[in-house]
Amino acid sequence: MSKGILDYSVGEQVEKFLLIKSSTKGIASNGKPFLTLIFQDQSGDIEAKLWDVSDTDESTYAPESIVKVLGDIQNYRGRLQLKLRQIRPATFADSVQVSDFLETAPIGKDLMSSKITQYIFEMSNPNIQRITRHLVKKHQDAFYEYPAATKNHHEFVSGLAYHVVSMLDLAKNISELYPSLDKDLLYAGVILHDLGKVHELSGAVAASYTVEGNLLGHISIMVNEIGKAAEELRISGEEVIVLQHMVLSHHGKAEWGSPKPPLIKEAEILHYIDNLDAKMNMLDRALERVKPGEYTERVFALDNRSFYKPSFHK
Amino acid sequence: MSKGILDYSVGEQVEKFLLIKSSTKGIASNGKPFLTLIFQDQSGDIEAKLWDVSDTDESTYAPESIVKVLGDIQNYRGRLQLKLRQIRPATFADSVQVSDFLETAPIGKDLMSSKITQYIFEMSNPNIQRITRHLVKKHQDAFYEYPAATKNHHEFVSGLAYHVVSMLDLAKNISELYPSLDKDLLYAGVILHDLGKVHELSGAVAASYTVEGNLLGHISIMVNEIGKAAEELRISGEEVIVLQHMVLSHHGKAEWGSPKPPLIKEAEILHYIDNLDAKMNMLDRALERVKPGEYTERVFALDNRSFYKPSFHK
Amino acid sequence: MSKGILDYSVGEQVEKFLLIKSSTKGIASNGKPFLTLIFQDQSGDIEAKLWDVSDTDESTYAPESIVKVLGDIQNYRGRLQLKLRQIRPATFADSVQVSDFLETAPIGKDLMSSKITQYIFEMSNPNIQRITRHLVKKHQDAFYEYPAATKNHHEFVSGLAYHVVSMLDLAKNISELYPSLDKDLLYAGVILHDLGKVHELSGAVAASYTVEGNLLGHISIMVNEIGKAAEELRISGEEVIVLQHMVLSHHGKAEWGSPKPPLIKEAEILHYIDNLDAKMNMLDRALERVKPGEYTERVFALDNRSFYKPSFHK
Amino acid sequence: MSKGILDYSVGEQVEKFLLIKSSTKGIASNGKPFLTLIFQDQSGDIEAKLWDVSDTDESTYAPESIVKVLGDIQNYRGRLQLKLRQIRPATFADSVQVSDFLETAPIGKDLMSSKITQYIFEMSNPNIQRITRHLVKKHQDAFYEYPAATKNHHEFVSGLAYHVVSMLDLAKNISELYPSLDKDLLYAGVILHDLGKVHELSGAVAASYTVEGNLLGHISIMVNEIGKAAEELRISGEEVIVLQHMVLSHHGKAEWGSPKPPLIKEAEILHYIDNLDAKMNMLDRALERVKPGEYTERVFALDNRSFYKPSFHK
Amino acid sequence: MSKGILDYSVGEQVEKFLLIKSSTKGIASNGKPFLTLIFQDQSGDIEAKLWDVSDTDESTYAPESIVKVLGDIQNYRGRLQLKLRQIRPATFADSVQVSDFLETAPIGKDLMSSKITQYIFEMSNPNIQRITRHLVKKHQDAFYEYPAATKNHHEFVSGLAYHVVSMLDLAKNISELYPSLDKDLLYAGVILHDLGKVHELSGAVAASYTVEGNLLGHISIMVNEIGKAAEELRISGEEVIVLQHMVLSHHGKAEWGSPKPPLIKEAEILHYIDNLDAKMNMLDRALERVKPGEYTERVFALDNRSFYKPSFHK
Amino acid sequence: MSKGILDYSVGEQVEKFLLIKSSTKGIASNGKPFLTLIFQDQSGDIEAKLWDVSDTDESTYAPESIVKVLGDIQNYRGRLQLKLRQIRPATFADSVQVSDFLETAPIGKDLMSSKITQYIFEMSNPNIQRITRHLVKKHQDAFYEYPAATKNHHEFVSGLAYHVVSMLDLAKNISELYPSLDKDLLYAGVILHDLGKVHELSGAVAASYTVEGNLLGHISIMVNEIGKAAEELRISGEEVIVLQHMVLSHHGKAEWGSPKPPLIKEAEILHYIDNLDAKMNMLDRALERVKPGEYTERVFALDNRSFYKPSFHK
């Protein structure tokens, strides 16, 4: 997609397809209902008001529908707003799809898939290798589509796989610096640690929690899946328990959702790698939006801190 | 077994079989090694010293071996001690067995088994009933033998099943007072909640934690087992997830080992029932050992409190 | 009262008396003041707007006044609203009273009173029995009128006594399962544990905290009352201190308001029973409002959890 | 008492009366029992061994008995020890008494009593003044004898009254700097805050906790006493509740034993004054025992810190 | 300044200069922008609306500008409001300055300065005296201008110096009651403890945090300054480290911002004195605004408590 | 040094120099004093008893002295012991030195120094580069000698520099994976973060805390040093504050000793790198001592966990 909605300047006219991210009804001071719409494309999101709406409008302009808009970019109290002149729902003939408007991982699925395949290929313990390969294969469609979380970090299409690929690269570098680490375990732990999210979350877009996700959580779901995989593959060594433990303990502490803390060296290191990659992602996204000499917005998952971008940074 | 070791008075002579609970080597002031032995039978335990021991003695009088002793009950600094005159290992011909010396649940396995069978029979939801029955059957030998824990509460032979039976009776009473409760769920939760201990612990006697127990814990183990049972029985309704959740959440909070807190009413109530029965067991055991007007020893699992037995209690 | 305000369907016309639960002034977009009224009867509450109000209206339609309304039930953004056509304050001639519109305990005062009398009658320790009877008698009017709390649980007329009766039934059942419990102590603890609320709260309706309630709290108030009762009855045994301790410790932990944790077995059990009955009440009320397959609103006093109603529940 | 036991140097011979603070039986390497005795006088305490003791010796040389000893001061592994040559129990004829050997407040009871009387005299609110005077009078014997605590601070004879007098002087100074403070309330709070210790502790010497102290605590005890005093004096103003609140809240937080935090300005300040005087006492005692440039032992009640005495302090 | 804005009654007409404390833009129901202005003078602040504003108005009536207003005091929903008739920015000719409208310490800079000079003069340790005098002199302009904090306590012009002076008086009184205290250390600690705020905060009025303040904090800044002062004055004794420690530890605990807890007696006492003076200031300000028998607003820095003003207080 | 003391088998005779790590006096059952000595060389440590010692022996065989021993390796209750036949202090003529017996970093000082020099050389920000180079140079002797801590991790000669070199390699790898990181800041942060330990600790061997270390801590010490360095080098850009912040915040949280949490991205990452390298060192040392299928001893600084070495690890 060429020019994103956030690439327009104040005063410019916009005519393009956009995805409705959220739609909230309000009552105007004249007593008539209106909609506050948040439009989204890959460049980000922008607010607009649709006045004097009917009940039909309310259902037409619902979240996750695509619309064609004509309007002007305005500055309203320091934030950009889109003043609508025309709006209509997209039709089949427009041949646009939701994924055109979603932020997605910076590298493609094919590359991610071939990197992960390569990492699995490098494993030398056959039990670990077979279980990992089996589970990646079983869930491959969702695995390469889902976000890593509903918010906080890697909350974009293919975010889950992208998070895994970044962590694998980190794991490889760290294993080389600390050769006592069992690379097979570490790679397998990285690949499987969040794979349960394909059951925990409802889908790749606008993900919410499933009942299974709420009642069991992605950690317990994946521990079960590893057990099942081992049975199907007739694998019974201690590797099965150790892999389950890697997943079970990767949140690091009971109060963070791991019923057992890491009790294996590689499990402890997996927790650090996960943390480092997730926090780096959050920090980059928050700092991108500010200029040198400014502070970011508070980042909830980083203890609500507001980070400073040094003025000597370009 | 007739007269227990704790039933003898100071000055009385003892001649009986006893189980060695622990054996610790020391060096006497004359430079010679000796053993501090703790003997046990169903009435409790008592200390004794075995002087001038050889290396053979050390291995003969190891924990979990049975011995025949002759000696006298003494008072040493306020505590009973057994002054040994003679000691020998029990032989096959003596036809004594470890279980003769162990504390065990106050009601027999048959009675416990028939009560549990009855509770399962009363369930009306077939999915819940079949999974519960399947898992009890699968693990029935260990289930009726194992303790409920290695210490703190119900740490005796058949303690696990006894804890379950007490909780079922409580669950039944509470369900009658609060009819909105789903009895099937509550009974199934009670029966399955600690069943994973048959994998977590090493056995019915002198139980320690298995590697699986340490790395996964009885909660995750049983969540997996429920999943497996449902697959084998081809059951796929929401009952499976809900039962897994009952077990997963029964410790009540993440920091107490439940990765998800109770999110179902019956799961919340299961947590209370478990707590109430376990604490009642600890309190009864601690208070039995003191007289009215005295304080118990500190009870670690009750926040290290020391409880008072009112002087108007008989 | 026949048909409650929540029993009407959208589109139906309503003509009935209602209690004003709250009244908040706003300024409409035409610059004129209006009132947002919450009406209440025993079936629940509903919102309405009263436009173009005068200063007199504001004082006439104040909280806790009763009005006669004529209007229509509407659906506004997913919630029921009452569109007012006519409203007038109730007069003496209407012979309606506040209590007609309040939620109240599901069983009557007489039944509650006779149950509590029976439980006191069953006590065998005369010191415990006399103190308990004395205090119930002294505060009987308020005791059978007050709510158990201003929010969270049993926050309705006679909620305090109803909470006590439910707990007594629980206590009886538990005492039968665990015969080592001192029933007298447990019953007395249940009956007295929250009785201080008759001083802590300002009244049976729209209760707020008194100065004494804020500065001392119902626990300290009742500990004092027990001491006073014992003096008046010339009772001096250890029962007095133990009863005071039962009340003092019933919140379980210092940080929950008990300066001493339970140090008597029955005090520990009282804490569990109180907890169980209060939480059951909250859960039932939250779950009543949702359908199978849905989540409740977050329940503040249950760690802000949102509970799931299994889809296999009717 | 002239020369204290800690005033002797290594090598000097000692012949004097001493109080036995503790006595512990051991078994020597020759198999014979011996006693480890800690002797005490107002200068401090010293250890000694009594070899080859009989059962009679054990009961004769029990804690809190006074003995006449003859022995030599020795250095044993860096600490002083008394090598006994002779020992005998004191007799009536020796006319020595336990109080001769106890540490006591640095100012006498008469002075403390007249200071407290003066502070009460200065109060202008008659309700506060009468309740305070009544309670001090009621408990005056114990009040001027008891320690302020069993350990940590002011753990000496008359420690309670001495702590109160120091706090009153502080309160007076602070009230002069911050004239918005209600001096009557502050003085009364200081005088009454720990008075419940006369019931909580067993006595002035070797104090332990009474059952009432364990089950209710000095705070609740004194809150009751204030209520009782008000009734006896027929005082009913808000002063009664406020005084009860001062005592109730003086530990500052629920987790420190105050079921209500301070909600009155003077209650907040009382908490600070209590803290300041108690900590100053602990710090002085710990620092007295070390030289400039050294660290004190860890002080448990000060978060287990070890304090440094600057080398430029004399 | 004669009559403050809060000294007018409802219905009175006001014509006076005021400082704009904050200005927030809104959109009225007629679609036109308006400003919500908070005006301030030394008596407090009041809200007003300025309707139909232009872009110029928005920048003219910005925070920290002074205006001349004509208007009427109204009661709007229980709070005072100023209904504007005329408003204009102040000009040079009006000869008014920001400081005329700011709350300031109750005693003048000269008096504060002479008191602090006197306290420094009383020190007998020359190293402590010289460092303290040097740093006060270096920062004297800001020291006597800055507030002690941006909110919570002493948040007014000269608040920092006023807080120090009050603490010095407290320190003097306490040192006299506890003569073991090193007065020099205590006075120096009081004078220097918050002096780093002259770098941490942006200025005396409407203070915000500087980058240095955010990244290092006033504690670390002042520890550095003490080190630098010692170098410049060629002082090298242990006093330097001890003074740095006094400042470093004055927040009392790591979680409150002190990387080392107090490990010197005077450092511990400094923490109490700081706390006592700050809290007294907050309490006085909160209680001034309510009448006897009422509760204050919640005070955030006092654990969000709401304090009660006894009804027997005048 | 050829064969280490832990390389001998039971029964072998030993004749070699050893360092005394600790020496504790005891009294044998014959009433005569003896010493329990812990000998150390680079392979580890072993216990021995020296019987019937004189006062001279006690001072001769003090910690940190070197001795020549002749003796036999024995097994005593499962642990190796050295049974002494002869012992004498080393003399000048023996030409042995303490460092011969100490564990030291696995790579030499020269290599570490050249790596660090290279990393500094790679920096492109001259302010950061000059401050870092200046401080490394200023403290170079201690920097390459000191341990990184007195216990927990890198507690060996040159441990500080070795920890820094490992972290630099990690930092380099991570910077390459996340190119948004400012390498200069990260490298400088790594090099300076613990450099204050050269003042905090007393020396390279048997390090204890200095008074400055106890009262200020290595973090505050180094923040001051950076300030001083900047002054001496006449550098005044924001880099100075940012570098100080990197050091100040590297413990991550106030309760872990950082008065400010990381507020710069590189500071956050520095905290992770420090953690990862320290924990890896602890884990490796703990796991080296156990065999596959075993658990390590509890590791205090890893939340007292005991780690499992999988049985499929070689």
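To keep things simple, chains are lettered A, B, C, D, E and F as they appear, and every chain counts its residues starting from 1.
The rule is simple: a residue touches a chain if its C-beta (ideal position, glycine included) is under 8 Å from a C-beta of that chain, and two chains touch if they have at least 3 such contacts.
The shown structure was predicted, so the numbers you read here are calculated from the model rather than taken from an experiment.
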Common touching chains of chain F and chain E: A, D
Partner chains shared by chain B and chain D (touch criterion as defined above): C, F
Between chain B and chain E, centroid-to-centroid distance (C-alpha), Å: 62
Whole-Å gap separating chain C and chain E, where each centre is the average of the chain's CA atoms: 45
Whole-Å gap separating chain C and chain D, where each centre is the average of the chain's CA atoms: 46
Computed distance of Cα centres, chain C from chain B, in Å: 41
Residues of chain A whose C-beta touches two or more other chains: 29, 211, 214-215, 238, 242, 263-264, 308
All chain pairs that touch each other: A-B, A-C, A-E, A-F, B-C, B-D, B-F, C-D, C-E, D-E, D-F, E-F
Parts of chain B lying in touch with chain F, wherever the complex brings them together: 25, 28-31, 211, 214-215
Interface residues, chain F side, partner chain A - complex: 125, 166, 169-170, 173-174, 177-178, 180, 182, 185, 237-239, 242, 261-265, 268-269, 272, 275-276, 279-280, 283-284, 287, 302-303, 305-308, 310-313
Touch list for chain A against partner chain E, complex: 29, 77, 293, 295, 308
For the chain B and chain A complex, residues of the former touching the latter: 211-212, 214-217, 219-220, 223-224, 227-228, 231, 238, 241-242, 244-245, 248, 254-260, 263-264
